[in-house]
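Order as written gives the chain letters A, B, C and D; numbering starts at 1 within each chain.
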Amino acid sequence: MEPARFEAIVVGKRFHGYATELLVEAPNAAGAVPGQFMHIKCDGRDGVIMRRPYSVFDAAENTISFLVKDVGRGSAWLSARKTGDILDLMGPLGRGFAVGDGQRSILVAGGTGIAPLHFLAGCMKERGLCAFLLWGMEGGDEYGELPNIIADRFDLRLSSMDGKRGIRGSAVDLLEACREEGCTALYACGPRPMLLSLTDRARDMGFTLFQVSLEERMACGVGACRGCVIPCSTPTGGYLSACRDGPVFDEGEVDWRRIRESISA
Amino acid sequence: MAEDKGIDIGVELTGIRLKNPVMVCSGTYGVGREYSDWMDPRELGALMTKAVTLKPCAGNPTPRLWEVPCGLLNSIGLENRGLKRFLEDDLPWLHEMGLPVWVNVAGFSREEYVKVASEVSRSSLAAALELNISCPNVEKGGMYFSNNPRDAAMLVSSVREMVDIPLYVKLSPRSSDIKEMAIMMQEAGADGLSMVNTFPAMALDIETARPRLANVTGGLSGPALHPIAVMAVWEVAGAVDLPIIGMGGIWSWRDAVEMMMAGAVAVAVGTLNFVEPGAPLGIIDGMRGFMRRKGIEKAEQLVGMARRMEVPRPGGEYEGKDNAGG
Amino acid sequence: MAEDKGIDIGVELTGIRLKNPVMVCSGTYGVGREYSDWMDPRELGALMTKAVTLKPCAGNPTPRLWEVPCGLLNSIGLENRGLKRFLEDDLPWLHEMGLPVWVNVAGFSREEYVKVASEVSRSSLAAALELNISCPNVEKGGMYFSNNPRDAAMLVSSVREMVDIPLYVKLSPRSSDIKEMAIMMQEAGADGLSMVNTFPAMALDIETARPRLANVTGGLSGPALHPIAVMAVWEVAGAVDLPIIGMGGIWSWRDAVEMMMAGAVAVAVGTLNFVEPGAPLGIIDGMRGFMRRKGIEKAEQLVGMARRMEVPRPGGEYEGKDNAGG
Amino acid sequence: MEPARFEAIVVGKRFHGYATELLVEAPNAAGAVPGQFMHIKCDGRDGVIMRRPYSVFDAAENTISFLVKDVGRGSAWLSARKTGDILDLMGPLGRGFAVGDGQRSILVAGGTGIAPLHFLAGCMKERGLCAFLLWGMEGGDEYGELPNIIADRFDLRLSSMDGKRGIRGSAVDLLEACREEGCTALYACGPRPMLLSLTDRARDMGFTLFQVSLEERMACGVGACRGCVIPCSTPTGGYLSACRDGPVFDEGEVDWRRIRESISA
């Protein structure tokens, strides 16, 4: 579908611990694909001028929702929006996840990485596809009741580093513990260290489709500024844009070595 | 919107007629295609492309962006697919659109600049060149030309000799005396100036004591830069006899009018495109509305309007007046 | 607040011990008295006075202020009551307070600078001098010294000969190469640097096509200036061996810590005082809290902390990396 | 009284045409003198960082009020405040009007210059002093019902340039038409052109006390920045600060010639 810029009214809000779920009326965004994001203008207080990208957490005919974690000035403003407030959105933007017919999938989320994978799981369910959703978090109570809400709809397995929810360990440990047969597709979204160890471990697990959603700071969101790039695995090096070529990439498109270097440097 | 009877928003600079004075800045509009879903590029007065270098260039490591108060830091570097791809794919597409194109030229040596500029000129697909001399020089470190006006002048005359289309030089706001730089560019053969480029700046993450940008430093753009850019245009407009394309934090039609009143013949919208795709259209409309309200018939009347006014200077000081910021 | 056991927020520069690294900028705190209803000046690390000139100076015509995005333009000029009144009334009061005072010295000729500096030094009431060389020169036009580093160096050595207290030189951010300027100041005998002064800038009222400031141009201060100031401090800290007092848009304790990590030994709060009288106190507290959380025992460890880190530079580019802002 | 910085809750709001009256709870500001102002922080949207000065329009034991005309970014934000919102105030600041015992006074306001004179009239009434309030405006309907509200409390005479309210003409014309006997004090506040013609005409009318409140753009509001200065009439020239030496000045302290020059330049 054609991306657009439009105003959307906040029609619902729920608190889930660290994250706030915002539901907005957005008929224009119908047709958003899991993995795509909306680029949201965050008022303009304290000199904030740029938009902030947020994955679509869920979409219905006339609404979409986001999951916003408060990590700075923009997200703090966004999480403080109330029902009736107006947001200025651009989207849906970027390349979403590819889903094959009849495929059985594992979806691995770390932290707020749950957002695009939650939407993906919903779309798979609609298409009658089998999907296992694995979600790792730091503290087991970080997301309030959200794990229970999601578990009501999907086959959800949880882990937390403090062991308070699900198994003690990371989302990658969840994947290792997952004994579901016949899964050929793996999808992941989460912090970079998690994605790095996931790719290390999953590369030889025989998935025929392995896609990751990668976050990078963004300016334009449409591929014009080359600000949001991800190192690409072609022999000549170079970069792909997270906003237009991504945010979803095939695992093999990404130069994980350079990503690892930039984290450990 | 319907054309206004009696209001001529077009401008002409170095023989190029623009249907309105609103362009888009180099590096903020890709090669035009990226925003074509969002607005018809043909509505623009003109378009300035992302920097083109001789060979493909990967640009800087990531992260490349950081937001600062009313501004954006970027360290994209000169990422582009190189001259060959540009001439084959991008420039013909832009030419097809029929809007005047300024090609932003960069290089890592004088030879590279000359080669890129002359091939673009030879292609006959560009309206003008914009020489990005506030770009790095791998041998001698970033911002080299801004610190070395004489070498910049030599570069400009080398390029000037080899090209048939108007040559604009893009100036850095980090200049002890931007008037002097502008005068030297004029003497070296520049046909016009575009100003300003981003301002070298940086931010640190105090939690890690590391720079926010992988490249350590970056360029500041956006509203924070605007009053610095207006002053640069004002100063240079009084010092040279070249058309100036004004840019730097233009965030509304008011900022655009201000820039023209300071002396710019046209303006270019940069960082704002990222926030509001299609913003140039609103600026064009706003400018037209302002002209109508003020009874200004030609956009060209706006150019340098504030420079032509008597400036209020009440007397009566008992000590010499001074020009300090305090 | 109660002193933290084990946390030493004091710093020392040019032999002057400050109980904390937070000062207030010249021109934003009057001569100290103006804010004494709002906070106890003795809580400050040190105070920098408004510029003092030999004779009383009326400053610039009004209006002198204009707000711009995340910034303030001012064209106060050097309004002050002159050396005599300063030495009789203001400096003794400040000295009484017992806090270290940097006296900001300005002039309209070399002789005036030398005279003011030497008399302040002789008074034994000031901790240090801050030579305002980004100030106007009536004969030769504003910003004269920033554009003429050699003359600035001569001024500094003339003053250095005549004074017994540390001599700080205040640098303008409008410099093609601020490192070079700093090195010349060091060679000329400066004991320390304070940076940065406001950035020359302007704004127009489009309704009247006139400048917003009666003086036409002014100096930009506030958050808009901050990333430029951080970069200036970062660059200069790597080029000279002098203590740096960092200023420019410090708006929170985070900005203050950032400035120190970039290389400043102390920081000075300027425009923020106008918005939040008492802001320096919150910055001191915030800095102390940060140190506690991070297990940093001495504020001096913060100085240049980011400069000592390995800077991430992932390789793999197929073209030379560059330092451009894009 | 000692000025202070404090937070104040908006407890009332009324619309008067171009101007909005905001009532805030401010026990700290009790003791404010007519002519003094409050320095108000205007959020921080669109890069607005500086405070804005507003004259006290009225004061009671626990509240003060302002009259805000929307002329730009700061005042637009301020006029949009609602009951329950919090304002960050500094004040009361500056030098107020001087009032002598037993004195009969004429108060001449132009536009929003009504604010400090309204408060002055109230204080005079409390002290049993006789005061005539003259108020000129551009359009007679600019301030909605406010003229009627004020006329209920005070001896108010109106003029408007369009003649829709009161006599047709300026506040200065009102003064000429005012035939009240025995008035020895004149107070004025309004746009500079109005003050210039007022001083021209009133200088020889024999007032023993003639004070004006002058506006100038402000930064600190406390005399520290020298940004808000007014040309002063001493032979050596120089400037007085509007925020600390003023905003109320004796007519003779001000160099009207330089003010005229700066307007006509």
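Throughout what follows, contacts are C-beta pairs under 8 Å (C-beta built on N, C-alpha and C of every residue); 3 or more make two chains touch, one makes a residue touch a chain.
Keep in mind that this is a model prediction, so the values were computed, not measured.
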Count of contact steps on the shortest path from chain B to chain C: 1
C-D or B-D, whichever has more C-beta pairs in contact: C-D
Remotest chain, chain C as reference, centres from CA atoms: A
Chain centre separation in whole Å, for chain B relative to chain A (CA means): 36
Approximate Å spacing (C-alpha centroids) for the pair chain B, chain D: 45
Whole-Å gap between the CA centroids of chain A and chain D: 56
Residues of chain C whose C-beta touches two or more other chains: 27, 56, 58-59, 61, 68-71, 74, 76, 214, 223-224, 311-314, 317-318
Where chain D touches two or more other chains at once, by residue number: 46-47, 231, 236-238, 258, 262
Topology of the chain contact graph, where touching chains are joined (line, ring, star, complete, other): complete
Chain D residues touching chain A - in the complex, by the definition given at the top: 43-47
Footprint of chain A on chain B - complex, ascending: 27-30, 34-35, 37-38, 50, 56, 58-59, 61-72, 74, 76, 79, 214, 222-224, 271, 273-278
Parts of chain A lying in touch with chain B, wherever the complex brings them together: 2-3, 5, 41, 46-51, 90, 216-231, 236-239, 244, 258, 262
Complex contact set, residues of chain B against chain D: 69-70, 223, 310-318
Partner chain B, residues of chain D touching it in the complex: 47, 231, 236-238, 255, 257-258, 261-262, 265
